Structures are given as structure tokens and as C-alpha cells.
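Working notes, structure below.
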Amino acid sequence: MIIRIRQKQIAQLMSNGERLDGREFEKYREIKLEMGVIEKAEGSARILLGKTEVLVGVKIGVGTPFPDTPDKGVLTVNAELVPLASPMFEPGPPRENAIELARVVDRGIRESNAIDLEKLCLVPGKTVLVVFVDLYVLNYDGNLIDASAIAALAALLNAKMSKYEIEDGEVKVKPGYIQLPIQNYPIAVTFAEIDGKLIIDPSLEEEMVMDARLTITFEKDGKICAIQKGGTGQFTREQIVDVVKIAEGKSLEIRKLVVKD
Amino acid sequence: MIIRIRQKQIAQLMSNGERLDGREFEKYREIKLEMGVIEKAEGSARILLGKTEVLVGVKIGVGTPFPDTPDKGVLTVNAELVPLASPMFEPGPPRENAIELARVVDRGIRESNAIDLEKLCLVPGKTVLVVFVDLYVLNYDGNLIDASAIAALAALLNAKMSKYEIEDGEVKVKPGYIQLPIQNYPIAVTFAEIDGKLIIDPSLEEEMVMDARLTITFEKDGKICAIQKGGTGQFTREQIVDVVKIAEGKSLEIRKLVVKD
Amino acid sequence: MIIRIRQKQIAQLMSNGERLDGREFEKYREIKLEMGVIEKAEGSARILLGKTEVLVGVKIGVGTPFPDTPDKGVLTVNAELVPLASPMFEPGPPRENAIELARVVDRGIRESNAIDLEKLCLVPGKTVLVVFVDLYVLNYDGNLIDASAIAALAALLNAKMSKYEIEDGEVKVKPGYIQLPIQNYPIAVTFAEIDGKLIIDPSLEEEMVMDARLTITFEKDGKICAIQKGGTGQFTREQIVDVVKIAEGKSLEIRKLVVKD
Amino acid sequence: MPKSEDKLIDKNGLRIDGRKLDELRSTKIEVGVLSNADGSAYIEQGKNKILAAFYGPHEVHPKHLALPDRSLLKCRYHMAPFSVDERKSPAPSRRDIELSMVIRQALEPSIFLEYYPRTSIDLFIEILQAHGGTRCAGITVASLALADGGIPLRDLTVACAAGKVEGKLVVDLSDDEDKKGEADVPLAFMPNLNAITLLQMDGQLTVTEFEKVVDLALEGCKQLYKIQKESLKAKYVVGEGE
Amino acid sequence: MPKSEDKLIDKNGLRIDGRKLDELRSTKIEVGVLSNADGSAYIEQGKNKILAAFYGPHEVHPKHLALPDRSLLKCRYHMAPFSVDERKSPAPSRRDIELSMVIRQALEPSIFLEYYPRTSIDLFIEILQAHGGTRCAGITVASLALADGGIPLRDLTVACAAGKVEGKLVVDLSDDEDKKGEADVPLAFMPNLNAITLLQMDGQLTVTEFEKVVDLALEGCKQLYKIQKESLKAKYVVGEGE
Amino acid sequence: MPKSEDKLIDKNGLRIDGRKLDELRSTKIEVGVLSNADGSAYIEQGKNKILAAFYGPHEVHPKHLALPDRSLLKCRYHMAPFSVDERKSPAPSRRDIELSMVIRQALEPSIFLEYYPRTSIDLFIEILQAHGGTRCAGITVASLALADGGIPLRDLTVACAAGKVEGKLVVDLSDDEDKKGEADVPLAFMPNLNAITLLQMDGQLTVTEFEKVVDLALEGCKQLYKIQKESLKAKYVVGEGE
């Protein structure tokens, strides 16, 4: 019931072109990004997107490749919605929201070939490097996908890994570190649909009343590399085409915050 | 309460030698059997026993033998009572009914040596073929054991496997397929006891009111190779001896439906 | 409420220097210890500490070492509070009480170097012996830690293991048995604090009303090798110092029951 | 960029299963195939073989999940262990959990859930054989299972993927095309309401390509919608025209 | 067909543990061995060492499992990790779950569950050492635990296996005989009611052999029944005859 | 006995991170760092980085866990997968479960739980980076999170370890000292109440050494207590002295 009332208020505001927190429809909240915050991780980044706070750690280990990609390293993205981040989160194994979050971020990284996985192969079919990207949500105030995707890219760019060599069939660690080979920079841009109108970077209050969500991820050359519609609402073909165009421009702006030339 | 009333009706009918669906006490429902229905599986069969419907798929993979049978392949039978099959089934890991079903079907196949497991050994103690028999119940209308056992035998008879060879200690797949080596044809025959009387192939309504259940599995030479009493009722020695004799004859009839000479 | 009343009764008694079962504050219940009760286990012991009954079995298997101790065998202590032991225990994976019990007993054995783990290494970094110590609680009447620790030490002293050798990189079992190499004898001594007073070896009724628990484990040379405070109460520095001194003497007495010179 | 040497599209512009670029796989649907479920349907789309059925609306367990103003739609996408090349463990994978969620969200807008407050509708989609596009075929057949069971719907929901394979835009990708192709866009649609209720994408497409792919997928949906309606007619309108 | 070179039966017709074909293993039973449980008993049958105990009748958790007309019997067959040659993981195996079920079904007919509606009786069987025939010995000792706790019984339930080893029909198979023999038929029985409440079979037997094996098992049950009753007498009738 | 060739204490009596034997690691605390939680705090103690926050007092789920006379304190000690050298699986280990319990027991005596019967307080301690002594630092920061959220406390709880490294008694062991040293004694304390609420020990110490180690840990606690109070002041007493 409370949600219904809130929905009306927000829709009312939006019909006047306004949002609860005073933002324009196509404006992100302030993004604060800090890299290298966890020294024990090979790479790390902490993002504040408004009050949404996500910490991403990258760990690199030795493992076996998937049978169908014997000459490539392995990428594993995992999300934890730890319960201190929100009264809505509960301890325990990841549920569908955490799984969706991890998989959408994974898709952006994977489909844009952001990591040059072929460089992570040590012995084809036997031994490769495994890149664990752990999304750790510390405060939930809406739009976890964009915040996590940005922080994940930043953590990957921040990641240094040991030099590995194979000697007599055994993995040896050599002195020194090299950069994790990153060759693309996927950026996710998320919209919420409320009462037929589309706003970017929804806050938690906006997410609570939204009908549907649409995330478009762009790679550095302006191609779309992942899309995810969420929520139980619907879009028209025209809405989608519009959203894609706005998202394309936004992705350029955000990429500049993460990737310094 | 409703079950009590139903039990009285069914017992009443049975005292007149009748069953709810008009069958004689020792008569199976119609059996429809279709083989090779899942092209991706090495073997498959779908059975309709009245309205009870079970799909069985056989998959063959490479694995390690059990330590106490280093020169034999491995047989694994698994049953899933998927929730679309009945309002009584719930999602999640198999419970005792599914486990019993799998283990009774497994016992018939295993104790009759239906699969020549020694032919599935590639490197003794190291590498053998693993035969997965998955019982997939699609509609539950009673007597899952017999339906599953028949379909499992049919799926095994239907199964073709790749030719494997060991080269330099590695498993290689050769072109072509061969029949899975089947050397016996176990058939399970199940009775329900209601109000002291024994009926074959109980329907769901009969199972709901039965006191006990007895399944006897016969191998091709007429030997018993597995027995399972179910339910919280009881049998006398004489009832068991009688049931075994009837079941022996029935197993011959049913085996003809599955194994064509 | 009932616990409150019981607590008053017990505190009342204790203010007169008495306990429910008539024991002195620093007196253990009768200890009955039987070794070699499970012939299938490499070592075993059954203890009765008053009515508390614990069966400990030691199994020895072949496994891989931990990466940071490549030349040492592995010790694994596990506790099961099986539900026949108490109406408070439930089936299922170990909960925090069982985990604490196992870890406190483990710590005493591990920190005193009771097992000469270096003698359990077969191939450094690859193959070692694994010692499983399973604490199996059969009747719970208080002070599971001391009872389990005593029985675990007795079971280790009772343990005989096969002679293993490495031939061509494979583990071979030779004829004959040797003693598991035990080089220290940790003894745990537990106190309960009730209403500011400290009593040794609390019974279940005393545990139900105690404020806090303190376990000190001594190794054979009189050094402390493990401590665990339990319960939601508190201790002063002085109480702890006092308890440690009493426990030291008690550990000598109890050690004589287990280790025969 | 194609990930394999095998040609997925031949010099005549035909795909490995002989289809034209804008041609759907052969699709057969049967409605009302299971006797226990409250509604059920079965689809074969190419080599995909999928069964959908539901129970409900009925009481919710556990009760505290019940919604005061509408029915709770639950959905489980589940693959039989023998449905894929390598035997699949019966435990739900992370992919299974995500697909269960997006399928539920694709179907929810079509259902008058508000007619049945405090109840649940439990929908099960069983993939008996998988060969690419199972989430779309699962939505298509699940919508018919709901219709079969008399659940009031705003429209049927129909789903179809389109994508890019060896530089060509194609509709209704099969397993090989999905795995080796450049992009895959599954989409669910309610034709009468002009509403897209599922949209995902894997791979890489320019914005222009993406728009064309969406149109291909929508066209596929419209064709499948006809087959959906015929399958209902075949069950419910014996011996007469629409 | 024997599965090993080792002879399980020697030329004098004696079994590896020295028993005759129709001879039970040495069996000791003690009733009322645990102080917390509402009833308990302990059996050593050959090298099997098994403890059974129960709590109840008491309130059911969770409540919705309660039965309006009788007590709910729960049963857990559980093996200690050190009870077998290779350490057993404490998590219940599929075998454990099946045995828990058939043991429960074997005992239920003996209990006047209708005396205690809306309650549960929670029975636990702990296999401390296993050496063949633990499900039967578990039933035999569990029935005594129930009797020890004053649960009203129609009759004691007693269980014994018989089978075929190296061509001979034998009673009460030990571990080696079970593993290497040709057939094993565990059976539970209520002697005064002439009721068989557990019957399973592994292996191969002709119909004629099977009938003889059932009779051997029944005969074994009758002998164990005497030991059961003596164990109750030893606990409850101190210093006088029956 | 030292377990490694590396010297943990140099000839000048300084530890590998340059500290004196009785010197704490550099410690920074910030109170009130998360906007959603009802109270929160963050600590950096050496390389440890730990966040604590709680929700409550609120209704208990499931209800039957509620206590009639006080609030139920729940506590979860949890390590981020990237907090340690080898990636840690997110599933709770046995160590995590034990630490969650002893931390809860260390904090309970400080809280007026009796003010909030039938409710629960859910406390979460997230180890973002671990470098020795996380349980102590976790207690220190969790107590501040409770204070930040206005939970009435008898005293702040503060925790610090002391132990023995290469024959010397030292305070506040870092990761290397903990792993390679001879003994580690974590201790929690309420200074104003003179109450020790957590005490554990690993390693080997004579009784005399143990007493000295306890005193070192208590001294460490007293120093950290000052930092705790200053961190509260920094949040709540802007621009004035105590």
C-alpha cells in the first residue's frame, strides 16, 4: 500500500520532469571511485554511486580450463549481497538477484572480451589462470548493476598478477608482477521505467516503484555487448531503441571516469 | 478422512472382485513404450503405463571405477520426481520416495547383471565408462517402480555408445557407435495389498489407500533378482509365496513388450 | 522461568559450599574409560564421565597434505551431537556447539603436538596419512569438552595403523601394524562460573544455569596449550589466574587415568 | 567474428540445418498433454523438446510469501540430466536460476494475477532436450500451458531469438549458431499489446544491427504466435474454423 | 556365483566365522542403556554394535506435519564415521535414507500409533560398528528401545536376513557373506501376529530357493525373538521367571 | 619454538613491521559509515580492514526463536573472498562459525538486551582484508557499531590479543606473528566493568608466561578503548572536548 502511494508521488513528480532527489531523467548520481583499496587482492576498487557502495576484489589463481576452451583462462564473477548492506538482504547462498547481478556483470566483461583470456593459458587443456571477480555490496541504494560493472572494470584495470612459468610440468611463480591483460572496457547503463517514463541510474526508492529495468552494456568501440531487461513490466520497440541511443552516449561519459588515457 | 471413505469404497469393490478402473486384480494397465525419443541421450525411452508417464535417458561418460571393482564400469541410477508430474511432488533434492525408486530400479539392473560392466573398463583401476540412467517422472498415476524399470530397460537396450580407446594414457573417441552391452532383462512386477487382497499395478488411487506394496524383479531365466516391500502394512509368508508365483508369469509377458527376439 | 528458579537453588547450595550431586567444587564425576571398543576403527575409546557418554573413533587414511605443511600428516577432528544423546540435539550438519567442541579438542591435540605429524608424511607435498578423530556423543549430561578430550587422547593412544610404503609412486600397505606416533598428552579441564563461584566438571543442570565456562588444556610438561572461554558471562583477571592454577593440578590427576607409565 | 572453422552459412545463404536466414525452425506444439497438471503444453522447436505445466492458483506455502493483492507466480526452468551433450547434474545451476527469473518476469505481465490474491501459481518448464533457444521456446510453451489451464491472460506471450551468425542477421538460432555465432538476442512479446517482456543480449552488435535483430525477433514472434493459436484451436475447437 | 577365491564355507560345511549354515551370530542385547532417551537398547550381533533410542511421544516440529489420528513415527538410521572400514562421511547417503524408510515401515505396524494423535516419536538407530545385517539388527534393537520406553506394541518386531552363499542357503549373513555371496534377503517379522513387515532382496535366487530362504529368515527371527524377550526380562523382571 | 627461519624480531627488539614488543598496530576507526544499517563502524588495524553494522532491535524470524525476556543477539563473522591470500569460498567455514559464536558471547554481556524482549539484533562483521587478529578487531569495531546505533551498553567492549613470538611476549600479533609465533591469546574486555568476555589460546605458554600475556592483552585493550572513545567523540561531539 505504502509502495502504491510512493509510486503515485514519484509518477506525479516525473510528469513534471522531476525526480525525488532533484536529478534530471538522464543524469547519474555522483560517482566516486577508488582503486587498490584491498592490498591482498590482485586488483580492487570501491565505488560510491550516490549512497550505493560496492567493493570489488579480483583474485587470480591457478586452475583447469573448461573443456570447450582449452587454451583460455577462466573468468568467474560472483556477487554477494551481504546483509549489512540492506535490511532486504539475508545471509546464505546467493539468490536470484545476486545471481542475476553477477551474470550481467560477467556478460559485459566476457562478451566484450575485456580480459585477453588467451594470455592466461599456461598449459593448453591442463593449466590456466582463473580470474575471480567478487562483487561485494556494502550499501544498497539502487542500481547495483551499473555500480558493480564500473567497479569490476576498475578492479580489473587495477589488477596485477604474478608471473607464472611452467617448469617440468609444474607451475612456478617468478618474481615480479605484470598487469592483467585488459583489452576492452565494457560499461553498463541502466534505466528504470516508471509510469511509461524512462530514467537513468534509478535510486532504491525509484527501483521499489519501477515497472521494468533495462541495462545496456557497451564496449569501447560503441557496440552493444550485453543487454538485460529486468522487472515484471514491459517495453515497446520504440522505447528500447530510444534507450539504446541514450545509453550509448552515457557509456562514453562513464568510461572516461574509469579508463584514463 | 476422505482417504478413509475412499478406502472403504475400494475395499467394497474389491470384495466383489472389481477395481475402480474395471481391471481384473492381476491385469496391468495399457503399456505404451517408445524408444529413442531423446536424440541427445545415448539411449532413451518413454513409457505410458495408463496415465503414469516416465521418460528415461541413458548418458554414458568417462569416469573412475569404485575401488572394490577396479575392472568394471559404473552404473548410476537417479530418479527425479519433477513437480509438474504431481501436486504431491516438490522441487529440490530427491527425497526418500525418489531415492527408493532409483535404488529399486538400480537393484534390478545391477543384481541381474543386465549391463556387462566388465566391457566398460578402459584402464583397470583408473578409467571406466559410467552409465547414468535418469528416471524422469512426467505424470504420476501410480506404480512408478514398474513403469520406471520397464522404461529403464528399454532405454538401456536403445543405448548406443561411442567407441573409446586408450592412446598414450588418454581416452580417445573413435568414429562410430556400438550397442551398450546388455546381457539380461530384469522386469519388476508390483502388487498392492488392500484390505487383505492383492492387486497388480496399483493406480494412484489404489496406492493412496493401500496397506503395503511388494515388488518382485525377475531376470530372464526366471530367477528373482530383487525384492522390495513398501508401505506400512504387512504380509504373511503365504501371501508372499503366492505373489512371487503370479509375478513370475507376469514378468514373462511384460518382458516380451520390451525385448523383441 | 524454571531455569531462573533452578539457578537460585543451585546458587543457594553453592553459597553453602555444596553442589546438586554432592560433589565438592573441584571434584570431577567418576570417570570410566574403555579402550579398543570399536575393532573396525584404528583406535577407539568410550568414556563415561558421570552420565555423559562419548565414543571416540580414530580412522587413518591416505590423503594430500595442506599446501603450507607439505611434509606433515593431517589431523581432522569432527564432533557429532547425535540426537539420541539428548532431546536438545537435532539431526543434520554440525551446528556451532558441535563445531566448537571439535575445534577445542582439535586445538589441544594440535597445539601440544600430541601426534608426531611429520612421521605421517609418505611423499612430501603429495601423499600423507590423514588422522580422523570422530567424537560421537551418546549421552549428554554436561561437560562434553573434557569427556571428549580425554576419550580422544585415549583413542589416539589406542590407535594402531598399517605400515605404508611408497613403491613406484603408489601407496602400498605392508603387513603388520604399528602404533600411531603419540608424543604428548593434552588434558582439558573445564570450569563453570555460577553466581561468581567456580566449579569443575559442570553437570548438565549446572551448565543450564552457568554464566560462563572456561576450559584450560595442559600438555604433559605443564604448559597451557589451549584455552576456550564459553558462555555469555564474564571473568575477572583474578578468577582466570586462580582457575589456571587449579586446572594445572587437575590435569595431572586426569592424565594418570589415561596414560599408564 | 566466427569462433570456428565450420561454416554455419553456406554459399547459397542457407544455414547448417537448411534454413533461410529469416526462417524459423520447424515447430510443433501440443496443448493439454499431462493429466495431473492444471494446464500443460509440449513444444518441439527444431531439436528442442520442452514440456510446461502449472498447478494453481492455490494456497501459498509458506504462507508469509502470499501477496495481498495478487497471485504469486513461481517459475522453475529445469533441464533433464539427459537433455544436453554432457550429463547435467540435477541441482539447479546459476544459469537455471537466472532463466527461471527472466521467464517468470516475461510471463507475469500477461497474467491477470490480481484475480487471485493470496494464492500462488507454480509453473514448471522441463527441458527434455536442449538445442538452443530453450528460454524462448519455454516461454512460448508455458504461456500455452497457462491458457490450457484457464488462467485469464491479457495476451499470449511468445518468444523468439534473433542474432548474428558469420556476419548475417538470422532468426531463431540453433545451438551451434548460438555457441559459435556473434550475437544472440532472445526476446518475448505480447503481439496484441505490442509489449516486449523479455530482452537479453550476448555477443556484439552495432546499434544499427541491434535494431534489425530486434525486428527479426519480433517477426519470428509473430509467426510463432500463429502456431500458438492454432495449437489452442486444435485442442479446443474440434472440427471448426476460428 | 561366488565373487572371490576365498572360501566362505569350508569342507565341513562351516562358515568363515565357524558357524553352521542355520546358526545365528552370537547376540547380546541390553535394554535401557542411555539415561536421557525415553527408551533405549544396545545390541551386539557378531561384530555389529548398534544403539537405538527414541524420544516421544511429543509435540511435532514443524506443526503442519502432525497427523490428526495418530503419532508420526520418524526414524533415522545413521552410521558412525568409524563404523566401517573406509571412514564414512557423516552426511546421510542414499542408502541411509532408504534404510531409514524401510526400518520405519517395518516398525510402524507394531506400534499403537493411534494412541498418541498429533505427536511424534523420534527413533534413532546408531550403527557404531557395522558387519553385515545392520538394518535387521537395527530393527531388532529399535523394537526393544520402544518397549523399554513403554510405547504400547502389538508385538515385538524382530528381523533377520537369510541368503545364499557359495550355493548354500544360510541364515544371518555377515559382512563378507553379504558382499561375496549370491543373495541376501532381510526380513522383519512380528511372530505373534505372523506378519512380515520388511522384505527385501539383493542377488539371484530361484523361486524355490527364495521360499527356503524366507523360512530360514523366519526361523532366525523366532530365535532372536527369544533373546529379545530375555533381554526385557533381564531389565524388568529381576530375579524371577517369566 | 619458531616455525620458520625468518626472524620476526630483530636484534634491536623490533618486530617485522617495526613495532616494539608492547606496541599496538596503527589503528584508525570511523563510526557511522553506512547509510542503511542502524549502526555501523569501520576499523583499520594494521592491514586489517573490517566493517561492522547491525539491524535491530526488530521482530525475530522465525518467531519461535524470540526470547520472552530479552533481545536475541545474532552475529555473523564473514570474510570477503578477496580478504585473504588464497581466495576464500563465500560459504561459512567451521572457523567462521566458531568465531561468530565467540564474538557474540564476547559482546552479549555489554548489551542491555533485557530492554528489548522478543526482538532480535542482527550484527554483521565483514572482514574486507585480514591480517591477523580479526576476531579482536571485529569485536572492537562491532561494539562501536552498536553504540553508533544507540543500543544501550554497560560499557564498550574492546578486544586485543597478546602472545609469544620467538621467545618474547608481544601484544597485538599480526598475521605472520600469529602463524609463526609460539602462542596467541585473544581477549575481550569491558574496562569500566573489569570483565573479560572473550579468552582463547592457541600455542604453548607456561602458567607464568600466560599471566604476563593476559596483562599485555589487557593493556592493549585499554589503549584501544581510548581510540574507541575518540572515534565516537569524532562522530558525535563535533568541535568540543569530552
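As written, the chains take the letters A, B, C, D, E and F, and residue 1 is the first residue of each chain.
In the analysis below, a contact is a pair of C-beta atoms (placed from the backbone, for glycine too) under 8 Å apart; a residue touches a chain by one contact, two chains touch by 3 or more.
Model, not experiment: these values are computed from the prediction.
Trainee: Which other chains touch chain A while also touching chain C?
Mentor: The common neighbours are F.
Trainee: Would you mind naming the chains that touch chain B and likewise touch chain E?
Mentor: none
Trainee: Determine the centre-to-centre distance between chain C and chain E, using the mean Cα coordinates as centres, and give it in whole Å.
Mentor: 32
Trainee: Express in whole angstrom the distance between the two chain centres, defined as the mean CA positions of chain D and chain E.
Mentor: Centre-to-centre distance between chain D and chain E: 52 Å.
Trainee: Can you tell me which residues of chain E touch two or more of the remaining chains?
Mentor: None at all.
Trainee: Tell me, which residues of chain A touch at least two other chains?
Mentor: Where chain A meets two or more other chains at a single residue, that happens at 94.
Trainee: Which of line, ring, star, complete or other matches the graph of chains that touch?
Mentor: Chain contacts: single closed ring, each chain with exactly two partners.
Trainee: Listed in ring order from chain C, and going the way that reaches chain E first, which chains are there?
Mentor: The ring, traversed starting at chain C in the chain E direction, is C, E, B, D, A, F.
Trainee: Which residues, counting only chain E, touch chain B once they are in their complex?
Mentor: For chain E paired with chain B, touching residues are 94-95, 97-98, 100-102, 104-105, 108-109, 185, 190, 193-207, 210-211, 214-215, 218.
Trainee: Provide the residue numbers of chain C that touch chain E in the complex, in ascending order.
Mentor: 37-41, 44, 51, 53, 55, 57-59, 61, 78, 80, 82-87, 91, 93-94, 132, 134, 136, 138-141
Trainee: Quick one: which bits of chain A touch chain D in the complex? Just the residue numbers, please.
Mentor: Interface residues on chain A, with respect to chain D: 94-96, 99-100, 102-103, 107, 111-112, 214, 219, 222-237, 240-241, 244-245, 248.
Trainee: Under the stated contact criterion, what part of chain F meets chain A in this complex?
Mentor: Listed in rising order, the residues are 34-37, 40, 47, 49, 51-55, 76, 78, 80-87, 90-91, 122, 124, 126, 128-131.
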